[in-house]
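Here the chain labels run A, B, C, D and E in written order, and each chain numbers its own residues starting at 1.
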Amino acid sequence: MFLGLYNYWIVVLLMMIGFYIVIAHGNLVKKLVGLTIFQTSVFIFYITVGMVERGSAPIIAEGISDYSNPLPHVLILTAIVVGIATTALGLALVIRIKEAYGCVEEDEIQKQDQLSEDES
Amino acid sequence: MLTGIYGLLSACFFVVLDAVDVAFTEASVGAGISGLLMLAAITITGRKEAPKRHKPFLALFVVLVTGSMLIYGTLDMPYFGDPEAPVHQHVAPRYIHDSMEEVGVPNIVTSVLGSYRAFDTLGEVAVIFTAGIGVLSLLSLPRRRKKIKSEEATEEQMHERHMVVRIVSKALIPFILLFALYVQFHGDFGPGGGFQAGVIFAAAIILYTMLFGLDTAKKVFNPALIQLLAAVGLLLYACVGVVSMLNGANFLDYNVLADDPVSGQHIGILLIELGVGITVASVMLSIFFNFDGRRQAQAEIQAEKQQSEQEQKLKGEQDVSRTL
Amino acid sequence: MLAAATIAILVVMLLAIIRCIVGPTLYDRILAFNMFGTKSILLISVLGFLMGRPEFLDIALVYALINFISVIGVLRYSDSAEFKVAPYKPHSTKEGEE
Amino acid sequence: MLAHLPILQVVVPLIAAPLCWFLNRSKLVWIFALIVCAVTCVNSILLLIEVMKSGTIIYELGGWEAPWGIEYRIDKLNAFLLLIISTIGTVVLFAANTSIQKELDEDRHTLFYSLYLLSLTGMFGIVATGDAFNVFVFLEISSLSAYALIGLGRDRRALWAAYQYLIMGTIGATFILIGIGMLYQMTGTLNMSDLATRLVDVGHTRTVFVAFAFLIVGICLKLALFPLHLWLPNAYAYAPSIVTAFLAATATKVAVYLLIRFTFTVFGISFSFTSLPLQSILMVLGLVGVFAASITAIYQQNVKHILAYSSIAQVGYMIIGYSINTSTGVMATLLHLFNHALMKGGLFLALGAVMYRIGSVQLKQFQGLGREMPLTMSAIVIGGLSLIGVPLTVGFVSKWYLLVASVEAGMWPVAVLILLGSLLAIVYIWRIVEMAYFKPPLPGREAVKEAPWTFLVPIWILVFANIYFGIDTRLSVQVAQAASQSLFGINP
Amino acid sequence: MNLVIEIISGLSLLIGCFLCLSGGVGMLRFPDFYTRMHAVSVTDTLGACLVLFGLMLQSPNGLVLIKLILILLCTLFINPSASHALAKAALRNGLLPLEGKPDNQGGNKPSKL
């Protein structure tokens, strides 16, 4: 019975790897990498959902009657775009942080913030 | 560190097995653009990372809880690839069976994207546009002074070094641009569409930028014009909707764009895909330009600093450095 | 035949990933990455034939181009100062001692 | 044109955002954006009237009927929310031109207005849509623009705050995406009302249960509910003042709306409140949030921080009202949405005015401001009173209904705790008042003039609204009541 | 005729795959970057060509054939130039080839494999 679900488990594994990187890593760029992995695994989840056995790519052609579900593909196209937009914005923020703080480590930034907080 | 980016590549792979259009996008985005952007960012922020991290237990705990929740949730899911799953029973069949008559585009993904759920796509373009503006507002530099001579010399050197690559790319770039156009307009029949085309287009120009330097590229592709184009793309998309509204139908209803609904749908999808392509290409480019601009600006500052440092060093430690 | 080809290519890709992770220098990684890209082009084309839907070829083409661009990208940025720090020199130290 | 009202609400600012590019002068763009906001405001008023008169409006985008295409479904709840957002958006924007002169570089002004409009678009989109995935897309529009807007702040800590917000927000959005994906997997549809009918059959499955949990957690991240609030204080404190005023008054409200929408409309009351101990969990979290945030607020040195923590506390109140799970409770929540938007909009705008004159909002700097900026400071005092819940202000109305609801539901301890929480609010508001009125001006500081009229007008509009809706409660109570009753399926 | 084409295509696929495999093994087993590069770039190009050629013979219609030819051209163009650029960049940034006798290898630890 579990054979039918293995796909989902792989997706969950990937998701959790990404998620772990996001929350556990101190490097800001790495956090974004983790975020990308996290999102990508969600995309894979959607596509898995849309998959039909013996189905074919959803482009209508002669002689093919089974197509996989096009709706998840559409959603994921949109979500990919959203993902890259987030990544780009995040990277831009990281660049600015690097310029402002001189580093991209979470702890270091918090230390510096604490210092400036104490001064004021 | 870099391997993290390549992880995306393998992610692409899962996708390839299922969905053509998504694979297409993921190939151009995951492997191409986002990798390049990350690279550009990493060059600025540096590759080093702090070696240790003290309290991963909490994180691990959160992750484990979330993971087990998800696993728990999967237990009742329909099996992988099961054609009886509700997903394939309820909404999707109409797309598969009727989209050919209703929209007249063989690529179902395109017809759903462009017509049935066109508003999502409009939102997607708006997201990209927002990201473009956001990056611009964070990173755009005031007009810079003329470049230092030495920097230009190194750029020049760079070209010489990459002679072979440069010539090959020169031959390739027009081809890539052409291919992007093919993807743009072939999206109705095969995998592809505005978004992918925009990314490929942008990638070609990014290649150009990398080989010939940012300033040359900025001369060819004026950044202000690119920003304007991003706005134009979004406007084009929205205006298609407004036009159909003026014609008495609902927003983004293409049926009224021509006498016959199907050709109306064709016109509508073509136009919005064009809008998507324009916006995506120009936003990606302007993001990249901004990243690269920052990098260059930083490199210049560093070069100046190094120069002054080196001059001081050279006096005293010349012979020492030689033995090293 | 096609299936055999697919398996062979998958194996090679696995090897490439191993090299990508192990690879002591940046350049080894890039090399492995490049190879991975080429293999994925092949894999996509072969898969397209295997599944009877050669539309996949477009993706292969995109992949070829993107792969090239990213390799060039890595190289271009590897010229910057960050990457020059402590290059891996297999022999220099030893020979210097000699 | 009347039939197109729902879509115009979203599309007008969306089209206006790129148009800002073409007007390159800061002032011109400001006027343009202001006009656009005013249009959306009028639009939302018309919508509300229309909805109150003739019931739910359904608008099919692209002419495709519901489960296949995307539809906009405006009922009383959305119309109410749309009105809140568009009004606050307009009023706050009024002060923008003056404020950002001081706080932003010249070449960022156009971008600022573009982002502002996009953020507005995103919020309208979230509220108006009847499609689950569409929610995600518009959520991302509004949050991406919010990240960028916060990152515009002058202080370098703004960048860090924006980054934290980005990470947390994206995790939240991805959780929501997972939830939507699972729902889709189990039902095969994305339309909310269609989901509601089809979920009945599969409501018992573990997948739907997990999907529900993920949606709730994701939304609570956006909502800044107590343990997930860490991104909020810094984001509010270091963003440009206008942005703070706008986001504080609207962003969390939209998240609360989403929570209500998903639990009541999509999953249905019986599922939402029986499958998980949701009621008690949220109730406890809300109460803890009220106390923890209020106590933290007392120890802050930065006035923006004080108000940000107070925002978290107010979110706690909304969640309490929501988790009482009666018609009155939800009505109290909706009222508090409205009232809190008024109070926080006014308060943060007033802080913007202080920022404009002094360039800092440290508590120390407030010394003696009561005499130097009497109008601004009295606005802060009235807003603060409203925050506490003094009679004759809006704060009282919503707290009153909250108490009534908890008593009706037989939760006496909750009522007592709510009152205690209000007492804490007195403490932190008193600190500001004390500084402003009972301390001599800080030595060495130049005399400060009253804020310019572009600030005073919107501040006092909001303050008057605070008082007006505190006295004449008919309008807001009526709408909130109608909305909450329609959620519970009671026909008035 | 058909059979001949089948056989040729199968053969070229087979040889191509073998080349790819040997390239992969070479990349893993060779001691330093330059030899690995040699192993990969040489076999890769030819292997890819052969596989694509084999596919070409099976292509059902003209468009597919053209696309395959395009991919082939791309690989032919891109692979060598990318390798070239890579080698040059590596050399410039101070990565030296591993010279001398094999017994030298142990001390240097160029790779774990």
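Keep in mind that, in the parts below, a residue touches a chain if its C-beta (ideal position, glycine included) is under 8 Å from a C-beta of that chain, and two chains touch if they have at least 3 such contacts.
What you see is a predicted model, and the numbers here were worked out from it, not measured in a lab.
With contact taken as defined at the outset, subunit B and subunit C are each touched by A, E. Least step count on the touch graph, subunit A to subunit C: 1.
For the pair subunit C and subunit E, chains touching both partners: B. Greatest centre-to-centre distance from subunit C is found for D, with centres as Cα means. Between the chain pairs A-B and B-E, more C-beta pairs are in contact across A-B.
Measuring from the averaged C-alpha position of subunit A to that of subunit D gives a distance of 27 Å. Subunit C and subunit D have Cα centroids separated by 48 Å.
Averaged C-alpha coordinates give centres for subunit A and subunit E that are 32 Å from one another. Across the assembly, subunit A contributes 15, 19, 28, 49, 57, 59, 61, 71-72, 75, 78, 82, 85-86, 89, 93-94, 96 as residues in contact with two or more other chains.
Within subunit E, residues 74, 78, 82, 85 each touch two or more of the remaining chains. Across the assembly, subunit B contributes residues 20, 40, 42, 46, 70, 74-75, 77, 85, 87-88, 91-92, 95, 117, 120, 123-124, 127, 130-131, 134-135, 138, 162, 165, 172, 190-191 that each touch 2 or more other chains.
Contact between chains, using the touch rule, shows up for A-B, A-C, A-D, B-C, B-D, B-E, C-E. Within the complex, the subunit D residues that touch subunit B are 4, 7, 11, 14-15, 17-19, 21-22, 59-64, 67-70, 107-108, 111-112, 114-115, 118, 121-122, 125, 131, 133-134, 137-138, 140-141, 144-145, 147-148, 151-152, 178, 182, 184-190, 198, 202, 205-211, 213-214.
Within the complex formed with subunit B, the subunit E residues making contact are 74, 77-78, 81-82, 84-85, 88, 92. Across the complex, subunit D is touched by residues 69-70, 72-78, 85-92, 94-95, 115-120, 122-124, 126-127, 129-131, 133-138, 140, 142, 227-228, 230-232, 234-235, 238-239, 241-242, 245, 249-255 of subunit B.
Interface residues of subunit B, counted against subunit A in their complex, comprise 1, 4-5, 7-8, 11, 14-15, 18-22, 25-26, 29-30, 33-34, 37-38, 40-42, 44-46, 49-50, 53, 56, 59-60, 62-64, 66-67, 70-71, 74-75, 77, 79-83, 85, 87-88, 91-92, 95-96, 99-100, 106-109, 112-113, 117, 120-121, 123-124, 127-128, 130-131, 134-135, 138-139, 189-191, 195, 280, 287, 290-291, 294, 298.
Against subunit A, in their complex, subunit D makes its touches with residues 133, 136-137, 140, 144, 147-148, 151, 156-157, 159-160, 162-163, 166-167, 170-171, 174, 177-178, 181, 184-185, 190, 301, 362.
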